[in-house]
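In order of appearance the chains are A, B, C and D, and numbering begins at 1 in each one.
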Amino acid sequence: MKTRLKNKTIPGFGLSLGITMAFVSMVVLIPMFSIVLQSSALGWSGFWKTVFDARVLASYRVSFLCSFIAASLNCFFGVMLAWVLSRYRFPGRRIIDGMIELPFALPTAVAGIALTALYSGKGWVGAFFADLDIKIAYTPAGITIALTFIGLPFIVRAVQPVLEQLDPVYEEAGRMLGASPARIFRSVILPEIVPALLTGFGLAFARALGEYGSVIFIAGNMPFKTEIAPLIIMSKLEQFNYGEATAVALTMLMASFVIMFCINVVQSRAARFVKE
Amino acid sequence: MYVELRGINKHFGAYQASRDVSFGIEEGNLAALLGPSGSGKTTILRMIAGLESPDSGDIFIDGARVNDLPSSKRGIGFVFQNYALFRYMTVFDNIGFGLSVQKTPRAELAARVEELLRLIGMEGMERRYPAQLSGGQKQRVAFARALAPNPRLLLLDEPFAAIDAKVRQGLRSWLRGMISRLGLTSIFVTHDQAEAIEVADEIIVTNAGRVEQKGRPVELYKSPATPFVARFVGDSAPIGDIGRLKGFDGADADVSGVVSGAIRPEFIKIFAPGESVQCESAVEAAVVESVIFRGDALEVSLILKDTRLSARYPLEKETIAAGQKIRALVYCLYAFEGGRTRLLHNACLGRQHDAYSYSI
Amino acid sequence: MRTKANTWTARALIGASVLFILVMLALPLAMILSEALHAGWSAYWKAISDSYTLKAAHLTLTATAAAVVLNAVFGLAAAWAITRFEFPGKRLLTTIIDIPFAVSPVIAGLVFILTFGRLGWMNPILTAYDIKIVFATPGIVIATVFITFPFVAREIIPVLEARGNDEEQAAALMGAGFFTIFRKITFPHIRWALLYSVILCTARAMGEFGAVSVVSGHLRGKTNTLPLHVEILYNEYQFTAAFAVASLLAAAAIVILVARNIVEYMVKKEDGGHVR
Amino acid sequence: MKSLSRFFSFFLALATFFAASLFPATFVPAAELELTNVSYDPTRELYESFNKAFQKHYKAKTGKNISVVQSHGGSSKQARAVIEGNAADVVTLALAYDITAIEKAGLIKAGWQKSFPNNSSPYTSTIVFLVRKGNPKNLKDWGDLIRDGVGIITPNPKTSGGARWNYLAAWAWAHRQYKGDEKAVKDFIAKLFKRVLVLDTGARGSTNTFVQNGQGDVLLAWENEAYLALKEQKGKFEIVTPGLSILAEPPVAIVDSVVDKRGSREAATEYLHYLYSDEGQRIAGQNFYRPSNPVIAKEFGDRFDLKVNLVTVDDPIFGGWNKVQSVHFNDGGVFDQIYTR
């Protein structure tokens, strides 16, 4: 199909789009196509039977619930961190700012064994809670902590630039109109950061949903209680059950795609307000 | 004095924003803080509002010292330079924000907002978002928002800087009318002297952190207290050494050691070729550099004793052209004596001619 | 601009945020370090210099280098195509590029097995040319490329979009070729964003566990990356060795984060603009 | 001209893409003769010492140097990798079912289990209990496990070979204990798995959960795994051999399609035969695996309780792996029913 290119003045269109399409097809499209191909071998009835199997549904529940709680925890602390990092000068600020990306850089397996060692009955933190007869590792709480660790950078890094570039004049206008700092935060600053916050939340949620490496160490993997969806895929694979594994994988893929789509919609809608 | 500043000093690091600033403003008065950018006028406004706190000195509103009062408790309405409307709130919510903070009942709030919308001539626009308004509309909403909680003092930071020229004129007179109708003590900051003269009851000229002069526009124009005010307010041409002009030379003028000064265009009278000349001894020879048509008169730029001056030349007189030699008489000028400014009349004119026409 | 923390709420917010970072990030790091040095320096050094560890480190560096190079090339090409031209399906292309962010690493691994594995539909072609991808280094490279696919593109596109393309158009009108325009006009503006995203991409690539473990086959000394080696050591009761190698990865992560901070500082100093 | 440059760039990209990713592969120097042994979790220590001995033996016998590349992981996970293309010359997995899966995928010829003695199982093991020092909960046999307050650790039978042997051993005991009453046996197994605290994916993961992270009161483990734990963590644990257990036969096999392509059949056969040699059997014994050669087994008589009562998977209760897999472990099987709470 002949694409009618409006601005052909800048060269390099063929080259750049060519490379882009080559990569996108080789790395994303062809592999994704394989998933669809493989799970279609299952047929619709097989697909629904697998996806709505009790244990798979339970794993969705565990995965979605823990990912949601982890992402929300990250929202609360992420906004606080972004606020503190962008508004106050205090000793150690640069070190804290530097550490935010650690979950990106640290391998998930390493995080997994470290968190498990930390929160299990004998670990530094775990022992403390064990005395209070509270188990963290091998429970959904453990999963949530691992997912919070994984998702932490997304929200801080989404909200921080917005706060840093926000013109202080809005807060001053709020103060002049007699609003208390809390009210100013709620009605002036929050709306400004909500789009970035939702984007960060979406990314953290999608990332946590698919996390495997760190979670299997701390989860305990008890069916119906702490077995996460990626583990279902893995265990179905280990039973040479490719069709069902890809079926579950496809539903996860669908969920993440919906989340990413919502993020894009939110971003474009928010841009409408800010047409300065 | 309704608003009073006494001995205010403020510096940001090494930069001294306010040096011993003291002045007062009468209740119901509309005052302008006029000065070049960076002269500390905005800082003064922000200190009154409580957005900045002075290093030393006191601020009084309605007789009470407010230094320790937070901005929200000073009963001040503030209009920001680029409006600072809350982008995610409708016009209605923006205007009603101040009242909703005071927990005003819904109905009363709505009534007040509707009243204000009528006041600013924007009925029916409650549901709009700031991004959908023009610059002028945004400024009026910002004005209404500041007025909503019935402040006792209104502060405006360069309210028209961000508005394009032709809308600005209308907005200025609209604002002038609003404030005088409400009888609300107001202070606004501007770097545009025409705006200050046109809108304000009184003007406070600031320069490098100090108050140069405070007074009604006519006063500032006619009797500037300092060289800065003379040069800044109205047009004037600087004179290196006034002694070199006839009638102001050392001999009979009672000035000694006076060096520089400034001449306003209306201080100079240009004689058409062949026109009878008063006071022959004080007339100076000059060459016309350029002639610009200014609507009601011609603005003539001329070189007199190698200093460039500008003067007005009525249309009905015989036309003159660039390069033509003419004769001009300097009625009076501002003499700068050690930081103070004094109006000096041309000695040879004697007393009989003290009244001269001013065209503001 | 940042103020000194003077109010009570400011101090409380800072305290809470710092505590959150200490518990969530500093504690696991400290855990890794303490376990790693548990048996003293000699054991630590032995674990680090063990032949399998070195082979794993070699493979990790090779795979990371290949992945970062490929992603950088893709990122630049995609950013150029997307921000400099108008063509149908552009928004869809940007969403597709973001898919790897939202997809679970497990699915990523599975996807490549289904495409390039013995059961994959591309198998006849691969065996015909005797090309081995999965269970060999190319498989690990492509899995790492997938995981870090959007990093560079996602970082450069906003920078180029923010700047608009009038400079490039002007240069093109004056007859400049693609490479001169890119080198002289575009590259200087995205230099820092590119460096910043390459750093993040490297960090994430080195730390990938889930996807790589599916396609790796765990052949000791041949297809084990460092994160996989950590899991193997952990499963061989060599806990101190596992944490020692983990501390190696954590150290690499910290070095990378310091580099990121330096880059960000340079950007702030140079044009005041915010990289992200 | 326009489409030409687009097409050219498309190919340029593909070329750079492949070159860059293939480059590291060709770069790795091809070692001399090399065997790949894909094995399951707990045999790491066994094959580490065995491979060293085999290298010496093979050098002495044929004068050629040989290196053995090991790969360890959950038994069925490893079988899956081989099926997907992980080129293994030999596989030494936890249960016959996993190797049969590879056979079904066409990589191993049928009748592989007969090509090596003792059902192609050079070493056997059984399932025992690992408990804390002093056996605080006084767990003597399977019956004690379902007492209240007992925390059990075992891997997930759906993903771990070892866990399936645990399950079969428990089933065999319950079958004898309740004299074949199907409902009572299922009820026992359900109660047993209700007390499981953590279901790791692999046998070694479970051991770590019990040993390193101190979870639960008893670990159902391979005999060799239990002894290894004793060696690693001196004086913290002790072994309890239940009255009845299962004869776990982890089989070995040559992957025909790979050895034929690589021409390593001769070396691979030699490798597996060496497992049966006295030297090989002794290494197995030292690593807590029961040598299949009775003579050597006696040498380790003090270590292994040779008199323990063992049932095999081909016992009429089970009827071989295929039946067991479909009845108990496949989706919807007995194990799944236990978990549809």
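Quick notes on this structure:
In the analysis below, a residue touches a chain if its C-beta (ideal position, glycine included) is under 8 Å from a C-beta of that chain, and two chains touch if they have at least 3 such contacts.
Source: prediction; values computed, not measured.
Chain centres were defined as the mean of their Cα atoms; on that basis the chain farthest from chain B turns out to be D.
Among the chains present, the centre nearest to the common Cα mean is that of A. By C-beta pair count, the most extensively touching chains are A-C. If each chain is reduced to the centroid of its CA atoms, chain C and chain D end up 35 Å from each other. Inter-chain centre distance (chain B to chain C, centres taken as mean C-alpha positions): 59 Å. If you average the CA atoms of chain B and of chain D, the two centres end up 91 Å from each other. Our note on geometry: chain A versus chain C, Cα centroid distance of 16 Å, whole angstroms. Across the assembly, chain A contributes 15-19, 23, 117, 234, 237 as residues in contact with two or more other chains. Residues of chain C in contact with at least two other chains: 70, 73, 77, 119, 142, 145, 234.
For chain D, the set of residues that touch two or more other chains comprises 13, 17, 83, 212. Per the contact rule defined earlier, chains pair up in contact as A-B, A-C, A-D, C-D. Within the complex formed with chain C, the chain A residues making contact are 3, 5-7, 9-13, 15-20, 23-24, 27-32, 34-35, 37-38, 77, 80-81, 83-90, 92, 94, 96-111, 113-115, 117-118, 123-125, 145, 148-149, 152, 157, 160-161, 164-165, 168, 181, 203, 206-207, 209-213, 229-230, 233-234, 237, 242, 245-246, 249, 252-253, 256-257, 259-261, 264. The part of chain B that touches chain A in the complex is made up of residues 49-51, 70-73, 76-78, 80, 82, 84-89, 97-98, 101-102, 129, 131, 145-146, 148-149. On the side of chain D, the complex with chain C involves touching residues 13, 16-17, 20-25, 27-28, 36, 41, 44-45, 69-73, 81, 83-87, 202, 204-205, 208, 211-212, 228, 232.
Listing the residues of chain D that touch chain A in their complex gives 2-3, 5-10, 12-14, 17, 74, 76-77, 79-80, 83, 101, 156, 158-159, 196-201, 209, 212-215, 329-331, 336, 339-341. Of all residues in chain C, only 1-5, 9-10, 13-14, 16-18, 20-21, 23-29, 31-32, 35, 70, 73-74, 76-78, 80-82, 84-88, 91, 93-108, 110-112, 114-115, 119-122, 142, 145-146, 149, 165, 168-169, 172-173, 177-178, 181-182, 200, 203-204, 206-210, 213, 226-228, 230-231, 234, 242-243, 246, 249-250, 252-254, 256-258, 260-261, 274, 276 touch chain A in the complex they form.
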